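In order of appearance the chains are A, B and C, and numbering begins at 1 in each one.
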Amino acid sequence: MSTHGMTTDDLTRPAGTPAPAPDSTLRPTLPGRWYTDPELFAREQARVLEATWCCAVRGDDVAEPGAFRRVQVGRESVLVVRGRDGRLRAFLNVCRHRGALLCTEEAGRTRRTLRCPYHAWTYGLDGALVGAPNLRAMTDADRAAHGLVPVALREWLGYAWVCAAADPPSFEGEVVGAVGERLGDPAAIEGYGAERLALGRRIRYDVRANWKLVVENFMECYHCATIHPELTGVLPEFARGVATQSAVGHGAEFAPGAAGFTVDGGAGFPALPGVDPGRDRRYFAVTVPPTTFLNLVPDHVILHRMTPLAVDRTVVECDWLYAPEVVAADADLSRSVELFHRVNLQDFAACERCQPGMGSRAYAAGGVLVPVEHHLAGFHDWVRNRLGEP
Amino acid sequence: MSTHGMTTDDLTRPAGTPAPAPDSTLRPTLPGRWYTDPELFAREQARVLEATWCCAVRGDDVAEPGAFRRVQVGRESVLVVRGRDGRLRAFLNVCRHRGALLCTEEAGRTRRTLRCPYHAWTYGLDGALVGAPNLRAMTDADRAAHGLVPVALREWLGYAWVCAAADPPSFEGEVVGAVGERLGDPAAIEGYGAERLALGRRIRYDVRANWKLVVENFMECYHCATIHPELTGVLPEFARGVATQSAVGHGAEFAPGAAGFTVDGGAGFPALPGVDPGRDRRYFAVTVPPTTFLNLVPDHVILHRMTPLAVDRTVVECDWLYAPEVVAADADLSRSVELFHRVNLQDFAACERCQPGMGSRAYAAGGVLVPVEHHLAGFHDWVRNRLGEP
Amino acid sequence: MSTHGMTTDDLTRPAGTPAPAPDSTLRPTLPGRWYTDPELFAREQARVLEATWCCAVRGDDVAEPGAFRRVQVGRESVLVVRGRDGRLRAFLNVCRHRGALLCTEEAGRTRRTLRCPYHAWTYGLDGALVGAPNLRAMTDADRAAHGLVPVALREWLGYAWVCAAADPPSFEGEVVGAVGERLGDPAAIEGYGAERLALGRRIRYDVRANWKLVVENFMECYHCATIHPELTGVLPEFARGVATQSAVGHGAEFAPGAAGFTVDGGAGFPALPGVDPGRDRRYFAVTVPPTTFLNLVPDHVILHRMTPLAVDRTVVECDWLYAPEVVAADADLSRSVELFHRVNLQDFAACERCQPGMGSRAYAAGGVLVPVEHHLAGFHDWVRNRLGEP
C-alpha cells in the first residue's frame, strides 16, 4: 500500500475534541473478498460470531418464569429461557434425541419444562433431560449426558449476552472492559442505569450488506457530513468527520441551540438520574464487536444488535430505552426515536451501496482509510486475529 | 458413542406384537452434515437416487399409446411413454442433437413420435431416431447411435419403476424381495392386487427437509403417540412407539372399536378380494428405499413417492388406491383419505422442524436412536454403503 | 466422437446461396457442463466477458455532457459517461475510498463531477479525483493514484464498446475486422450508417439460459424451419436451414412476394441511403462474440447486446434502429419491430428448453452438429481458447 502524504484538515478544534491522528497518511482497508466470499463468512461464523459475546435478549422480554426467546447466533439457534428460580439460561435449541428444534416461535412461554414436539423428550428449564417416553431407569448420568447443550450467558445492561462457543472468552475483558475503556471510565456506563430502563421502541432492519460494513459505518463519522443532516444538526462536530470513537472518553457535544437529542433538536426528556453532569449534553457511541453498538445520550440509551445471516445480509434490531416513567406515561417518543431511525436508514443505504462494489477489480486490494478513519484498522486487526488470517 | 444402560419400557405386549430389541441401549444416528451438505447430496443423487429403483409413474396415468409423463429422478428428467405396442418405456428426456428437453409438460399425449421442438429431430415411441431435417442416407447404425438414451423400467403393483443408472441393480432383489422380506411372505403383497386398483386421490406435498428425515420418520413409530392422535386412535399399539417395520411380518391391529382405517374409525370399504383373512384388520407399512413407501390396509393401498430436489427439499406425492368399483361409484373417500393426509401433514411438519437442527453443533455427531428406533440404523448403513462412506 | 457418414440434403441451390459444407459428418458440441458449471462461468466472466469488447451503450443515450449509464460487464459495474469535452469515457463504478458504487441508477446526468454519496469523494468526468473532505495538500500524483479505474472504450456504429480488462485486445482485429470478414467487405457495414440512425424501439429479455446457448442459436438457422414461421416467410432460404453466417458475404434474399422485412412481408421504409443496391433485398446477420449480434436489412439495423448474469441466466437487450426521419415522423414501426421480436421470443424459448438438458447424463459428452451447424465449432474453439481449456 503506497501512501501519499495527505494530511488531515487543519481543524479548529474546540476544547475536548480529539486531536487528529498523528499519522495522517492513507491506510489500507480489508480486501474486497472479505465482504463477498461465502467461505470466509463461514469461518467468521465459527471463529467470530459464535466465539464471542453477543447481546441477545432484553431481560424484560423474558420476564416471567418459563418465558423464552429464540435468537440466531452464528449458525446456531439459541434459546434464552427464564427459570422458575428467576435465572436466565441459554441452550442450543436442538433436541438431543433426533435434532428437532425445541421451539420454532420467536418467543413464548412454557410452564415447567421444554418438551420436544416430535418424540416428547422433555427438559427442565435448567436444560436437564427429565423424561423420554419408553425409556426407564434413566440415571442422573444419563440425564446429564443428554441434557440440552448449555450456552454461556451473562446479564448486563438489562440484556442477556450469550456466547455460543464451548469455551467462551472473558465477559469482563471482552465486553465490560471494552466499554469502560472506550468511555475512559469503567463506571461511566453505570450512570445510565440501562438495566432499569424500559423499552420505548424497537425497529428491525434487514440490511443487504456484509456485517463488517455495518460495523465500519458505525465506527466512523467521516460520512456524517454527507449523509446525516439531522445528526450533524444536533452534533455539529460530527460534520468535521471525527468519530467520537477514535478518542478515549470523548463525547460529542450538542449544538448550542439543541434542547435535546431529537430529530429537530427540540427538547427530549429529563436526564436519567445517574448521568454525570459532565455528560448531560453529550453523545457517546460505543462499539462492542462483533455485533453490538451502544449510543448513550442524557435521556435515553440506544442499543443495536446485529445478526449476520449471510455474507451479504445482516439483520439489525435497534432498541430505544427510556426511563420507566417516560414509557409508563405513554410519552410521545416520536421525535426522539426519529433521529436515530433516520440515521439508521441513511447508514444502511450506504452499506448496501458498498456491498456490490466489494466484488470489483477496483476493490480487490481494498480501499483506503483517511486519518479520521484510521481507528477502523483496529477492528480489521481484531477480525483478522480471530480468523487466524494474515 | 457412549451408551447409558437405558432399557425399553416393560411393555405388556399382546400376542403378535414384536418383542423389544434385545439390545436396549442408545445408538448413534447419522451425523448432522449428512442432512445439510450440498456436496453429499450431490453424491447421493449420483450413487443413490439415480442408481436405485424408484417408483415413477402409475401405469393408468399413461394408459393410451403415445401417452407420456415426465418425472425427475435424481438430476435427470425422465420420460415414461406408452408405445403403440402397449409397452411402457422410459428415456432420458433430452434430444441427442443439441440437448433440448423433448417434453416440458408434466404429462401429455403424442401420436406416433416424439419430436424435438427445436430442430425437429424425431424419435419413435421406442426411442429410435427416425428423422432429422437436412440429413439423408441415415443408416440403422446412425439411428441407433443417436436414439434416445433408454432408462431401465419395470412394471409392478401398477406402477412403472425406473432406474436412471446405465447398469441397474436387480429389481427382484432390491424391490420385490425387500417387500416380501418385510411382509414375511413373498406372496403377501399380491393379495392386495395393487395393479388392478384405481386411483382415488393424489396429494402432493412440498417438504422443506432432507429426504432421509422423511424416510426415518416413516420407518419409526416412536413419534406416533406425540403427533398422530388419529392414527393411534385406530392403531392403539402405535401409541407404544413400536414400529410395525421393526419386525418381520408384523401388522398393527385395528382398535377393537374401529370399523375401518378412517380418520374417525368409521367403516371403510369392503376388503380387497385377495386380502388374507389374517390381514383383514391389520395395517402394514413397507419402506422400499430410497424413495417409495407402501401402506397396506384391507380396503386400500397408499403409496408415497418421494422426489428429493435439494439437500433440504423433498417433494412427496401420495396416491390412495381403491377397488375400481369404489372409485367408479364415486364413493365418499374423504374420511378414508383424511386419516393418512393428516398423518402426512403431521410427519412433514416434524421433518421440517428437524432440518434446521441438523446444522447445529449440538447435532454435529448426530443424535441417538432409542431401542424402538434401532432398525433405522439399517437404513443408515444402506445409505452409507451406497455412498462408500464409513 | 464417432461420425456416421451422414450427408447434407441435396439442396437445389439458387445462385448466391452458400455451398453445403464439404465435410458432412456429425461433429461434437461442447460438453454439457460448459453450460451448467458455476465455476466455469466464473472463469468465463474473467477470461471472456471481461477480457473482450462488448457493445455497452448507445451514444445517443448519453448525449449531453455529464450524462451517464451504468452497465454490467462480467462481474463489473461499469459507468459510461460523456465528458464536458464531448468525449465518452468508461470507469469501474466503484469509489476508490471505501468501495461504494458511485451510481446505482441505470442512467442519469450529473453536472461537472461524479460525487460518491457515502463520503463525498469527488471525481471529474475524466475520472480524476478532484476532492475529498478533510484531505488537503493533495498532489497530482495522489489524484492520479486514486482516480477512478478507467475502462477501455471505443465508439463504433453509434455505440460505446468497452473492455473491462486492464489490457484489452485490438478493437480493430476483434470487432471491426470480424464484422468486415463476415460481410466479405470491410466497407459493407458503413453503408448502413448505423452511427447516424435513431433508436426506434428497445426491448429487454430475461432469458433463463446460458449465454452460449443464445450465441449458438443466433449463429445457426437449422432451427428456422421449425420455430420461425414469420422469418422463413420473408426469407424462404432459411427454411432449408443454411445460416447466412456460414458463408462469407452471403445475405439471405427476401421472398419474391415480400415488400419489406416485416412480420407480414408488407412494405417497410425506404432503404437507408448508403446501402448498396446489391443488398437492398437482403438480410445479413453478424455475430461479434461474445455478446453482440447485428442484423442488417435495407431499412433498419437490429442490434442485440447480451449480459450474462449467471451460468443459467442472460439478459438480452435488443435495439431497432431506423433513419432519423422515420423516427422523427413517428412512423408506425410495429410490423417492422414485430418480426424480430417474435423471432427473439421463439429463440429464447428454445434456449430455455435446452438449459435443463445440459445437466443430463445424455449430454455429458455434448450433442452433435449437423453440417449446416458446423461453423458453430468455430465459436466453441473461440471460447475454449480464451479459457485455456482443451
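Following the convention adopted for this analysis, a contact is a pair of C-beta atoms (placed from the backbone, for glycine too) under 8 Å apart; a residue touches a chain by one contact, two chains touch by 3 or more.
Going by UniProt, the chains are A, B, C = Rieske 2Fe-2S family protein.
Predicted model only: the values in this text are computed from it and were never measured.
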Size of the rotation, in steps of 5 degrees, that lays the CA trace of subunit A (Rieske 2Fe-2S family protein) over subunit C (Rieske 2Fe-2S family protein): 120
Self-contact between copies subunit B (Rieske 2Fe-2S family protein) and subunit C (Rieske 2Fe-2S family protein), residue sets same or different by half: different
Separation of mean Cα positions, subunit C (Rieske 2Fe-2S family protein) and subunit B (Rieske 2Fe-2S family protein) [Å, integer]: 48
Contacts with 2+ other chains: residues of subunit C (Rieske 2Fe-2S family protein): none
Residue ranges of subunit B (Rieske 2Fe-2S family protein) in contact with subunit C (Rieske 2Fe-2S family protein) within the complex: 75-77, 92-101, 104, 117-120, 132-139, 141-142, 145-146, 148-149, 164, 166
Of all residues in subunit C (Rieske 2Fe-2S family protein), those that touch subunit B (Rieske 2Fe-2S family protein) in their complex: 2, 4-10, 29, 32, 216, 222-223, 225-227, 240-241, 350, 353-354, 356-363, 366-368, 370-372
